[in-house]
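After this come two complexes, each holding chain A, first together with chain B and then together with chain C.
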Partner chain A sequence: MKKQTRKRLIRGLLYGSFILIVVVFALSADWETIARAFGDIEIAIDMFPEVLTIAAKNTILYTAGAFSFGFVLALLLALMKMSTVGPYRWFANTYIELFRGLPALVTIILIAFALPIALGVAIPGGTLVRGSVALGLVAAAYMAETIRAGVEAVPRGQTEAARSLGMTRSTAMVFIILPQAFRIIIPPLTNELVLLIKDTSLLFVIGTTPQTVELTKYGRDFMSVTFNGTPLTVIALVYLAITLPLTRVVAQLEKRTAKAR
Partner chain B sequence: MSDELRNQDVPPIQVIDLHKSFGTLEVLKGIDFQVDTGEVVCVIGPSGSGKSTLLRCVNFLEEPTSGTVLIEGIDMADPETDVDAVRTRIGMVFQQFNLFPHLTVLDNLTIGQRKVLKRSGSEAEDVARAVLARVGLLDKVDEHPIRLSGGQQQRVAIARSLSMNPDMMLFDEPTSALDPELIGEVLDVMQSLAADGMTMMVVTHEMGFARQAADRVALIDEGVIVEEGPPEQVIVAPQHPRTQAFLQALEHT
Partner chain C sequence: MQKTWKALVLTVTVVALIAASCSSDDEGSGEFTLVTADTLTVCTDAPYPPMEFEEDGEFTGFDMELMKAIAAEMGLGFAVVNSGFDPITSGAAMVAGDCDIAAASITITDEREANIDFSAPYFLADQSLLVKGDSGITTLAQTSGQTVAVQSGTTGEAYARLTAPSDTEIKSFDNPGDLFVALEAQDVVGVLQDIVVNQDRADNDTTVVVVETYPTNEFYGFAVKNEGSELLMMAVNESLSALRRAGTYDQIFSDWFG
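Moving on, here comes the complex of A and B:
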């Protein structure tokens, strides 16, 4: 058999089997039941406006809180990790390894339950703050590594030029190195933000109230009342409405940095 | 800095028995070297000879393994010495320019003045414009470095150093990263600095510049100063066989 013919035959086979699978699936599925279970318009309408005004709003608040707190902590950890002072480096290393190695859920339970119950220490500010802090602690470990990588991506000559002007290490870091590092790490940091948005769904464990409920818990509660899958469809769409634009922004930013090099 | 220490008798740069090793590799093997006020000294030599390392040891970008570096009589290795403060008096120009890409030309020239010398914004800007005019790039004041040619970037880098009003300037192969047609404009700026009496230590491969502008030329090979003297001697009529070999190799390139 000629090479050309064989290539064409394999391509045909690949297309053919795909179409076959789709047709079999489409014929065998009970579309009416599926539509009723996941696309009930009335149930969907019932969820509004709370799904946006409370649940989506809280998801965004948790994310924003966790990201802000996590970012500040991450910056501190990254600087500690690059410090010439040994104990700072060890602390940062341990922190980063610990929180990257543990499931986020464990950290959340630790902050929300273990601390108040075992030590009698509760982080003040209610569920919103507690949830943000727990997620921020985890996110900081990842973001610290991102920031450090960004700082190390700035050419050595930049530090040397800054120091030769008489700048101290910290002045050079703040005015010369970090501004350039942040340009490099905006895409990976935005990715971190998207991951964080999705991780807020873990906060169901901290026992949110109707006022502090985030998207996933809100959808699940709605599901257990209606015995229907539609709430899941709705919150999935809301999640995508938040995350898809962000991932698009990341793609754009990455294209721009690639061009600038 | 009190004025009595800025005595004309104290050489701006004095290096005594300088050794520098990277791991087990000894790059500088006992250098004694001096640059006097207003003097232009070119340091030449094969690549890997240690000439850039010597230059970088002068402002302590590299810390010497042993030996002494005195800047205007101040011992750079003395724990009491504020190395950052001394560096403000030593301008440094790099092979790769090392302009700050996130800042405009103006901000490149003012950031050191404002953050280190604590000059006011308007004073720093006046100085920046004056030195930019001096290197012929006043019209690029609002550009970002990436939009400039290599020669223009290097002239901005020289202006950035000058904006700190340094007492002396170090040049680390300032034209080696430039296209041949852009070398002249940078050398012109350096010539005019030399003519104005700036104390300069220049690591370079530009023999033409060394002959014209240098008061003294030092050839470094394998970590030691092989030959030192006026350019007519070192470049035109070298005494040492290694100097002769180096200059001959240059001619063949």
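Moving on, here comes the complex of A and C:
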């Protein structure tokens, strides 16, 4: 048959198979049970307002804390990695390899328990500080690489121009290079923020009180007393309500940076 | 050469001073140190009704109410942290400064004595098997070829490993709440844990029933870290005795199990 006919046929088959799969799934799923097990309105209503005023609030707080701490540390690490001083480069490299190689859960347990036990002193500030430190350490390892890539993406001509105007290397870095680097790295950093929001779901291992509980633990606890999956649906929707706007913002930022080039 | 020598001596002195100041002790004036001043901070493992569970934003249950009474007897406030069972039995939660003492239906065993110190016993319990009413299972032996849920790190888990048929799969869960969820989802056919908790579930849910009780005669105790909490433990034991003498213990017991 003609090439065009064959193409049309294949496309038709692809569309058709997709529609077929959707229809088969829609017909064979036990919607009544699913609605009962995951869509119980009464249970969903029961979860408000605490799911927002406590659980979602805490999730956002922990994310903000982790991101702030992680960002400052990442900046430091990126500068250390690009430093001319050997031991600094070595430390930054080791740190990044270590915390990128460990699961975030392991890092959280280490910071929450192993560190205080080893140093003999409890980390003050409760879950907010401990969670922010633990997740911040992990985030810093990833963000350091992003920041370094951003700095190296700034054209060398900028450094050269700054130096030839008489600026020291540090002044050039702080006032000329870093601001330009930030514009480049805002999309990947926002991605990191979204990942952090999801990683806060691991903070339950630190121990929770009714006031410091975050979304996932709140949902799980609700599930184990109601024996229903609706709490899971509710917290899933809340997570999406937090992360989807952020991913939209990233998409917009990426579009704008591409245009600016 | 002289400069290097001086630098070395200085470094060694500084390190030694830091090391010396790092040793912790909390005896002092006969007072015990608390994580939060004037508050007894208690670690627990919830939900585990009727011993410890959350209701209306507060932790309650037999363990919690007894602890509240002890804290009141000691003139202290009361705060709870839900830290999970393993950090409690390993002592990590107390050593890391999450809480002063743990009340989580902890059975007093020799293995645990290595990591934590126990109070005087305050409760007696046995193990039991909970199954779905229509499962046709009436003994542990009948779980052969199927799965039984236990909580990891508990005496129930140890008992199940020892006593269940060799082809019964023992599935360990971290969170006690997941045990009943697993039974409900038919992921497992039975839950092996303390009788008070299984019975409470059966009382509230007609589809499940306790089919067997195993007389393990376990005693629950409150737990503190091995070192540094001796004075606190003495005060807690004294308060517990005072509560027993005053009849408050019996009052709380009949509130929950009367």
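Note that in this section the second predicted complex is superposed on the first by the 257 of 261 C-alpha atoms of A that agree within 3 Å, B and C clash if a C-alpha of one lies under 4 Å from a C-alpha of the other, contacts with A are read in each partner's own complex, and residues count from 1 in each chain.
Keep in mind that, in the parts below, contacts are C-beta pairs under 8 Å (C-beta built on N, C-alpha and C of every residue); 3 or more make two chains touch, one makes a residue touch a chain.
The structure displayed is predicted, hence computed values, not measured ones.
Asker: In the superposed arrangement, does A:Met223 touch chain B (first), chain C (second), both or neither?
Answerer: Once the two structures are laid over each other on A, A:Met223 reaches chain C alone.
Asker: Please indicate which partner A:Ser201 is in contact with in the superposed arrangement: first for chain B, second for chain C, both, or neither.
Answerer: A:Ser201: touches no partner chain.
Asker: Residues of chain A touched: more by chain B or chain C?
Answerer: C
Asker: Let me check the overlay on chain A: which residues of chain A are in contact with chain B and also with chain C?
Answerer: Correct list for chain A: none, the interfaces share no residue.
Asker: Any idea which chain C residues touch chain A in the complex?
Answerer: It comes out as residues 22-24, 35, 43, 46-47, 53-54, 57-59, 79-84, 87, 92-93, 95-98, 175, 177-178, 180-181, 184.
Asker: Using the touch definition up top, name the residues of chain A that touch chain B in the complex.
Answerer: Contacts found on chain A: 155, 157-158, 160-168, 171, 175-176, 179-180, 183.
Asker: What residues of chain B sit close enough to touch chain A in their complex?
Answerer: That would be residues 59, 61, 84-85, 87-88, 90-92, 94, 96, 98-102, 111-112, 115-117, 157, 160-161, 164 of chain B.
Asker: Using the touch definition up top, name the residues of chain A that touch chain C in the complex.
Answerer: By the definition above, chain A touches chain C via 50, 112-113, 116-117, 119-123, 204-211, 220-221, 223-225, 227.
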